[in-house]
């Protein structure tokens, strides 16, 4: 619970998630369960739960919804003092959780949010990044629109200028980029070009480099990573998961991390009895960054990333709320009741 | 349950209401109860429950939220075949229900809704008003923005041109008009000028006519009504309630209706143990229109209006779901368990 | 919690009550809260909670619903070993709890229940009444149909023959008697003729005797009681409440008990913030019988009856679950938090 | 959402299902979740959700429960104007949903329902079948009693007389037939003799023809179908599923359809993480009829039938609420979050 | 939401409150709603909600319950970095909320809590009080046992020694003092002797001084305050409420504050429709301290105290969550829906 | 439901279990579901559900929590007249139910409970064991502390002295024994030395005898059982399960029973879709004792034990609530809906 060391700064939109209860379709019965989400906030909460000092930078409306988002971050130990309020709405999304052979379905309702209406000038990065150990951002922010793209690039530039290492999670969402006349490759290339750590697989790297990678599984991933290391000289680590979706309740997941010198790869684990699949990627990022920031080696780090994402699938809500002892229990294979 | 006669057509925005449960503040606990609302839809549902053929004209997004709104209207017997889908979001509002000396509080989130993005050309009033006995509209639609105001006026003009009587509920919401450079008096005057039935009190009429009405209670209301009858030659009936808010759980309400020839006025009733105050005005309109469309006299009609609004305060949700026998029971003073 | 002395035997139908939650209309949202009820079972549970040894005699179907009814009685300390199973269904009733000026509404669904299909021969009263201190029955059982009427009379005769005092609660329900070609006066007269204690007011006595009682309030009640004492020589006590229904949330209630020698009458108390009005009369009977069986005087007894019925209105469910200390607290006027 | 073409008319009983929440036994905790069911209503809702004009013909009591059933049909787009009210109760059933190695368990409570008390004369089939594209009925209605059997046959005769194709789902429930001195084979033979489409497997056909079919799997099913085609000259299509119950959470299901000329058969799919198994057969019927009414070939049709029944197992409630795009997603194997 | 100025430090036990839902008795149905409480924590949360920098000093066990208490404080903006973990359990209390004429009832379960097992040496007051504007403590801590009494006195001495003003809320709970051979007067006198602000009425002062105060209402309160000012030279302000309990749903409350120079007294307000009466006194303290720390005069301050306590009664949970604008709305009499 | 024959007496602590709903972590949302537990009470309820006369001997506090525990036993047909009240608290435990690869987690809160504060002298075993067919106790009671160990041994001695057969379930919980300077081997040996039936596997026997058993699976278990039979001459039967935890949702379980003359062993069954794993061992004991007390052979008995434990995993709560027909259905492989 105690957060140690210099803080990790996460930047992105906070969202309210409204979920149909009991595996129902949206509004099949007249109730919604509410959690707070947002890819970068999920990473912040995941890292805070793992004992890291973290801070969120974002913008919400000055109403009960924005206050709830701020209160949520604080509850889980994230410094929310840099979540400011501004004009615009709270971004929302509605979720029908899937089951069996029925996929989960999301209805986004994030237009005109306070965050999407923010501009680069709204954030004083010199102050916000002071004493930062790491800056985490994702590919969702630049996808929100031209001024958000500009804002994301400005933030990354500020971090790079101050020597704060950057972690970037691709989180490519085609339908966000398609809502405006965007050039994702150009924009994302600027961001990845400043990043030290990239969360993304061979498909993300293909998109960035305009190249295809042949072969299967691990070989193709290494090939893609090497191409990325070649293209982006600052890049130090690339982490990704390979997910096989058996059905909505069971996925098989393996994790991999590549450095310039080597790589570590886990066995595939069967994640069954899935309770909540949303935020699985953010939990993976939190687990990997926990290993990196704790100075662990690639092998432990990739297994910790797998542990946190696997555990996340068992937990309602967007974020992973696990402590280091939960990673230990996972790695030790403790599966029966802990008394 | 059987709807008789020619149908009543209601036009306005459908909204999803998300309510904190158990008298909590919004998101104090992570759950929201959902009902469908919208002032004109509430009137439609109220009238359908009272046995009238009603139809709703509106526009919602083509997603699970819009479908839920359509399904809700259908469930309660409103013809929803003229609720079309279009671009834009579902209008929402969030409610913290009050209690005791704490007032209820609403956070609106209706920007950029499918309805607010509609234009006059989206509705084929010749077809929609065919066979209509009455057309009901409120002052909320023109307050949504210039194109909505234009759309409301076009609808009223179409009804007037076809000889369909118009019912207009003022529903003045200052904060909606203030969001754009509006001239509510000019716009509302055009709508009231075409109306046969007006829901509004002396303050609404003051706003329309730019005149103040002196005196207290009934006298002032009669004075205002006579001024309105003078100013708007089509106007046949003016109905309103006088509400004294003791606290969030207890209101005292009286009802009044004025015709050119006379008036009827109820005693004040104490509405205590309030369960849900939202939609009280819409329920009143439904009760009054029920009397009018059923050919009842002013006295019965105003008591029916009071009955439906008083009963509405006892019911969760936005709309009154009462049948004619519920009005009868209310007027007979039946208050103990009906077995 | 300890039950002392010889046991009180209650005979009647067990019902499942299915209640709309949150002051909604039935099935407004897709959920029902379930409690067990039945007038005589409510008295049994009320008396058991007050520390009396009680036993229920009834019949339910051999399925999960019947088992739930039996388990409920046992949970609250009622001996349910004489609740047998037999053909037929579980009797149900559906409740929309009222609020403010909207009355509660009940939909009965008790046709063809296991109890209503029972006959006099199904109950071995010699065994069932062995060691009984009191036998309690109500006017609902004989109203269920001719064979139920016969069964009720046979039970009362058995108790009278064994010298077990009989408590009879009128519980007149016109709509039950009207479902078959019944003569309630003849049937009820046979039952009251065997009773020692009658729960009923001047209207119930009017029905029994075919006489009207003039005057207001206490005088009229005494006049009726004296007529009943004259007509029914076994009768020892008559108890009743006078209820003024302000609205669904507030009733004003006074209680009265008459013996041949005298009477006791309480002040009227305002029972506001009503949570559940069902079972109020059964709670009153439990409170009165508690006083009688504990050997208290008329004055304490009638105040205890008022206490238990007033407290019942504050409790969800059909039955009063109060201990003697709750009566004491009520009589002492303790209304703020008991820590 | 828009229903096109001539309408499909479904005839059968509407039931209220009361379900224990959270995989509990009935009344383990004091709450029941309520949905509307009934085999033929499930088909109607399933087809309406798939975009077909559908109408339900049935009878319910004139109380809140009957109104809820009607409102439910309307909500999901089924024309309920031919659901009339009459004497009798609402049919109910109580469900303990199974889990793991514990089977689901149903307690029926449908005696003396309004529908079961209806007679052939209560339905004006000339009017009700006007403009009908298809008439759907099941083997449950004739099993309810002699007058229901007569009523079912009269309905089928009316449809046949008007040239409306008939779809018949066997739905053989031994325990319903056993409650009266019935001859299911004679009755069902009359109904199947008028049907164009039969839902039933080799066991259903054995029952009809009094013949056994040897062999395993597909061969036996084809043999049975050919025998049925021989016996019932109007029969055009026979569809069925083969279900292997691994445990309450996992079934393996394959689907098959036979015409006189050929057949189509799917692979077996593992339906795991089952949320609600009730209505799986009705969902299959809806999927098959969707293919048939849309003019698709046998192969697509049988895969659509499998899709809708497999998806149904993932959804709470009795009916399938899926749109054509959900079938497409299923057939495309889309299993991860749809954003 | 932003907290300004030097912080207010609150010291006391954190408790988990487990409440029966829906006005039920404890465990009438198998569910409990959970909130965090504790008199001093309630003041901290109330002050943080009103915009003050606040910090809590306490001790909880290192388990999920203790973490939840810490997360709760953080969510509502209280600095919880001085809530440490230690041996012992989480203090609990179980609440049956009252209704109508049934009083609320509390079952305490706080034995052997981590806080009660703490000793004076566990808290480094020099560090904890650095930069503190005010130190708030209540009479509950010294009542927990001899080492808690010593710990409370040590804390007060440290604050006094550093010149940090002390606010002391009597919160006299006889049943806590009676569990050990305590001398409450001697202990409380030491604490009040160091206090600048005292929350307590004439009965509390009687207890402290061993004197009786004659007369009624305001006169008696002034007399008691003057005696307290005489006995305790550091005391600057004495605040209290006078509460008349009509029933569990309606209290009438007036507030008063005395300084050495004068006093302010409010009218009595009817607080009806009470949702949750627990924490009413702590909310009053928060409101008064808000006025004091904001430099408002006695009159505004006492009305703010009344506002916050009255509003608290309308809100589920132990703490007041109101912002300054809520006080303004209360003082302005805004009771109808705020849109 | 009818309990036959002489009664089975169970002795141990009653606990309240407070469970996070919906697979959440504890207090992730502010609600807890409550059930009653305790290893020996679970056996008592399991046996009563299977039709055996059972009685519980225990001690609880005289408050609403203790009353709820007593009411729970009564509801499920256990004679609770020997559950007395005494000083101390109600023992609690908090459960986060696991899911997928996240293990369930328990926070115990049973310090200073009424039961743990009881001493041998509090129970009059001569009276309590009169007419007992069996006495069941577990290894949890002696682990609670030295006076509890003494109390357990005294109880076993009393049973042995009266010739009442003893069933002993090892239930070894290291963390309970470690809280005091205990010697579990010495204490448990005294208890097992008086037992006729032992629930425990080779690890439990190793602990008792200080010996290791080599080999795998069945051979090792037989070897251990023979060693136990040699060491404990009264011992007649040893039963145990072998559990392989695949993940929190799926376990594979086999059961075994050894007598001096022979053994029976089941196949391993896959228990998937686990709803509630707690109490699985107690359910196994209930199933085995059901076979033993019903005079069934080893083979049927061990399969009944497996049936009851497998079914328990599908049911929320601590106890198995299954009737003999549920065992029959399990053994017959009935897995689809029972109508």
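Order as written gives the chain letters A, B, C, D, E and F; numbering starts at 1 within each chain.
Simple rule for what comes next: a residue touches a chain if its C-beta (ideal position, glycine included) is under 8 Å from a C-beta of that chain, and two chains touch if they have at least 3 such contacts.
Composition by chain, UniProt nomenclature: A, B, C, D, E, F = Sugar kinase.
The structure presented is a predicted model; accordingly, all values stated were derived computationally and were not measured.
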item	value
Contacts common to chain A and chain E (chain labels)	B, C, D, F
Rotation in the CA alignment of chain A with chain F, degrees, nearest 5	120
Greatest separation from chain F - chain, by CA centre	B
Homomeric contact chain C-chain E: same or different residue positions, threshold half	different
Distance between the centres, which are taken as Cα means, of chain E and chain B, whole angstrom	45
Inter-chain centre distance, chain D versus chain E - centres from mean C-alpha coordinates, in Å	62
Contacts with two or more other chains, residues of chain E listed in rising order	25, 30-31, 105, 273
Parts of chain D lying in touch with chain E, wherever the complex brings them together	29-31
Touching residues (chain side chain B, partner chain D) in the complex	1, 67, 70-72, 74-77, 85
Touch list for chain B against partner chain C, complex	269-275, 310-311, 313-317, 321, 326, 329-330, 334-339
Contact footprint of chain C on chain D as seen in their complex	18, 25-27, 30-35, 63-65, 68, 89-90, 92, 94, 96, 105, 107, 109, 111-112
Chain D to chain F touching residues, read off their complex	22-25, 28, 98-106, 108, 173, 175, 243, 245-250, 273, 277-278
